[in-house]
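What follows is a single structure, and I will ask about it in a moment.
Here the chain labels run A, B and C in written order, and each chain numbers its own residues starting at 1.
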Amino acid sequence: MARRGKAAGGPPLRARLVLLGPGLSYLAVLLLLPLALLIGYTVFRRGRFGGIAYEDGSTGENFARITDPLYAGVLTDSLRIAAVTTLLALLLGYPTAYAISRLPGRWRTVALVLVVLPFWTNFLIRTYAWIVLLSSRGVVNSALTGIGVIDRPLKLLYTEPAVVLGLLYAYLPLMVLPLYSAIERVDPRLLEASADLGARPARTYLSVTLPHTLPGVLTGCVFVFVPSLGNFVVPELLGGGHTVMVGNLIRDQFLNARDWPFGSVLALALMAFLVLLLMAQAWAGRRLGGR
Amino acid sequence: MSVAATAAVLALLLPGCGADGQPGGSGPAASASLDPEADLRKQRLTVSNWDGYMPKDLPARFESAVGAPMTVAKHGTNEEIVAKLTASADSGIDVAFVSGQYAQALAAQGLLEPIHHDLVPHLRNLDPLAARLAHDKGNVYSVPYTWGTTGLCYRKDLLGYTPDSWNDLLKPRAAVKGRATMLKTERWLFLPAQKALGYSVNTTDEQQLARVKELLLTAKDDLLAYDDTTFGDRLGSGEAVLAEAWDGWCPTDDKRIGFVVPKEGSDLWTDTMVILKSSKNKEAAHAFIDYVLDAKVHSWVASNIFYKVPNTAAMAELDPALLKSYPALAMAPEQLLKGESVVDLGDAATAYTRIVTEVTAG
Amino acid sequence: MRRATLLPLWLTYAFLYTPVVVLVVMSFNRSASPYEWSGFSTAWYGTLAGDDEILRGLANTLIVAAGATALSTVLGTLLAVGLARHASGSRLLPALSVLPAVLPDIVLAIGLLAFYSLVSATLGLHSVLLAHTVFGLAFVTAVVRTRIAHVDPSLEEASRDLGANEVTTFLRITLPTLAPGIVAGALLTFTLSLDEFVIAFFTAGPKDPTLPIVIYSMIRFGVTPEINALATLLLAVSFTVVIAAQRVSRLTEAL
């Protein structure tokens, strides 16, 4: 760390203003102010034709609605869907990252690039490709009926598993990348030492590799969980209106119900939850890092 | 420095200093006087409409007829465009196409320029009934563009019977289970259940809404999907056999597909053209509406988009062959008026959104 | 054993590329239906080239991405240096600087919509550009900060000892050593901005949709092979860029 304000020579206040000022004021105006606004909106009521009715303060009312079984249900559904997605991403992503780290050097980059490459074409189009695959006349059903496994098309599309699949597809690379860099960073000498001491590969993995990669696991899980939780496009396209997540709920409060105060409450709830999650991750990361 | 950065951000954001580079100056007072002699060639018109809801070469024809160049912006749904028009001081949109109840809500928020009837002489072509619609009596803020109703669009060959009730959709026979779609947009998602139960499409009665919800929840289990836009393709491919549909979007030119308005009744929806108060091209905006209402133009529009237009002179000019393949086009206004007008519900809208959430999440 | 280790990798590739293969194949389908193959055709690429709406969306997207990247790079680099040199004791400021990167995009989107609405802003390309800069700034700051951690401070010291003033030192020593981090942050911002949908959906003016918004509205009517053709082209361009980047980096290593 470069900790040397004293040696700067010139007036440090000016340097500080020039360097920190623009970025921080930008964030103050276009990040903190909007978030403060959302907090402010929660105490007002919806205007009759949308917008905000400033005259009717009713702080408790908007927050009370979130405990309503309907909205609480959507929140828990969203948490479950995001959690299942994250778990699947981990189950598939960890062995994938591990496999990449075992490749010969020049192939590793290629393998990694191949994981990220689909990211560079439009997210909505890629999601739509799944509709083509999963619909009752789609590729999967045609193949299954073709080889006689089933005689009637399965209902794959517009289900919760389809939503999980779509989210997994969208965010799997965000799991693989941090896992790879964590696995890659495990000092090979540690592995050698373990082997020299007579540990079998499985034992080496459990007592050396796994503990050292847990911070990467945490990062990957947060990277997948956070965007999955707030996504509203995948539930809309692959859920066909049968699956509602908190992202859809927020969007609908702003567009359909034109109920900005309640939409703000939902957004803040989502944010509060994620802040807790990040704090937990930072805490766990420190504990693991201290090993 | 930090003050300068903040100021720069704010300056970029403030109305009139934005990318358009046109200085502001149109206060509320500007609506009072429009210049009928204004040089329209100096105005640039921007019109927002749904995708595929007007002929592709309408802008070019308008420009050559009137002189004002015109660009088209597209919106996906009423909700999207209303959110944009509400959030933005100057959206850059001069004329927007929105459904009647949304025109009502925009007018209530003071965002619309009153229609200057003297600048729209072709208003006389409008069906007199179209000036008495509940969302805007007397066409104060909006001019009807199309109107129609909602019904059942179905595959004659695959269904085996002619549906005549909303219950054919809500309590489907075995052959229809998993092969029916309903409209997704809030008010029309409610409509089949409201009409099947004999309620108004504008009901705000809690008990009625609770029963509507129950019915929608049971119906959901047998549904393929909620679908506003692709039910025509699904019917064509046979993935769906029955769909709740707006009349103009039921592809009855396919001989296997039929359209029926259920016996319990339906709605009368209107899509309208409105002029934004923030528009800086109000004369051209009026000229555009007047151009559309021209009998020849409006009938050309109808024959392109297959929706009825509330324009008596234009409907008279339609090709009889077209009326034959699109029977819904031939519906008489009196018949249409049996449907109930959809109006904005103000505060009750939240109850509707809540029920939609309950139904779809349930 | 080796085969067993590689199996998950192949599984992941199969999962990631099956939809990609489907959309590439369908872009060459003569029929408009995605469900039946009716012969090879490149006609949809012609349709695409003549589609004003998509081309306008593409132009808008490039303007936003380029502008947001430029702004983010300047603000983010200054902020990263500032945080490392003048706020090393603070934990709040670094946290603030990464907040936009971890904030769910829907929250940022509606927050900005509410803000724009409150100050009666005009919505247009500039409002998306400013919004994208919020997260771009966070990514550039984060990437450049990791780079600073590896920079030897004695270089800057030497420069000052030799009489260079602060500005000269910043321009001639600090910036060049940070360049790889700055470039990486800029590329990341550009890539993210190109495909960003949710924030753009809420903050774009109705006149100026970005490409993802255009695609979103088209997709609701079912995807035509035209959209698949677009996706294929985007993919081809990124393939080329990746390969070119590989070549260039190999070349610079060789020098």
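Operating definition for what follows: contacts are C-beta pairs under 8 Å (C-beta built on N, C-alpha and C of every residue); 3 or more make two chains touch, one makes a residue touch a chain.
These numbers were taken from a predicted model, which means no experiment stands behind them.
Across the assembly, the chain pair joined by the most C-beta contact pairs is A-C. With respect to chain A, maximal separation of chain centres occurs for B (centres as means of Cα atoms). Chain centres here are Cα means. That of chain A falls 17 Å from that of chain C. Separating the CA-averaged centres of chain A and chain B is a span of 36 Å. Among the residues of chain C, those touching two or more other chains are numbered 35, 113, 117, 130, 202, 216. The set of chain A residues touching two or more other chains comprises 18, 22, 24, 26, 30, 51, 135, 137, 254. Residues of chain B in contact with two or more other chains: 9-10, 83, 86, 237. Put simply, chain A touches chain C in their complex at residues 1-5, 7-10, 12, 15-16, 18-20, 22-24, 26-27, 30-35, 37-38, 41, 51, 92-93, 95-96, 98-100, 102, 109, 111, 113-115, 117-126, 128-133, 135, 137-139, 169, 172-173, 176, 222, 226-227, 229-230, 232-233, 237, 247, 250-251, 254, 260, 263-264, 267, 270-271, 274, 278. The part of chain A that touches chain B in the complex is made up of residues 17-18, 21-22, 24-26, 28-30, 46, 48-51, 70-71, 73-74, 77, 135-137, 155, 158, 240-244, 249, 252-259, 262.
Contacts from chain C toward chain B in the complex involve residues 33, 35, 53, 113, 116-117, 119-127, 130, 202, 205-207, 209, 216-218, 220-222.
Against chain C, the residues of chain B that register as touching in their complex are 9-10, 12-16, 18-20, 46, 48, 51-52, 71, 73-76, 81, 83-93, 228-230, 233, 237. Per the touch definition, chain C reaches chain A in the complex via residues 5-9, 11-13, 15-20, 22-23, 26, 34-35, 74-76, 78-79, 81-88, 93, 96-97, 99-100, 102-108, 110-115, 117-118, 130-131, 133-134, 137, 141, 148-149, 151, 153, 157, 160, 165-166, 191, 195, 197-198, 202, 211-212, 215-216, 219, 223, 227-228, 230-232, 234-235, 237-239, 242, 246.
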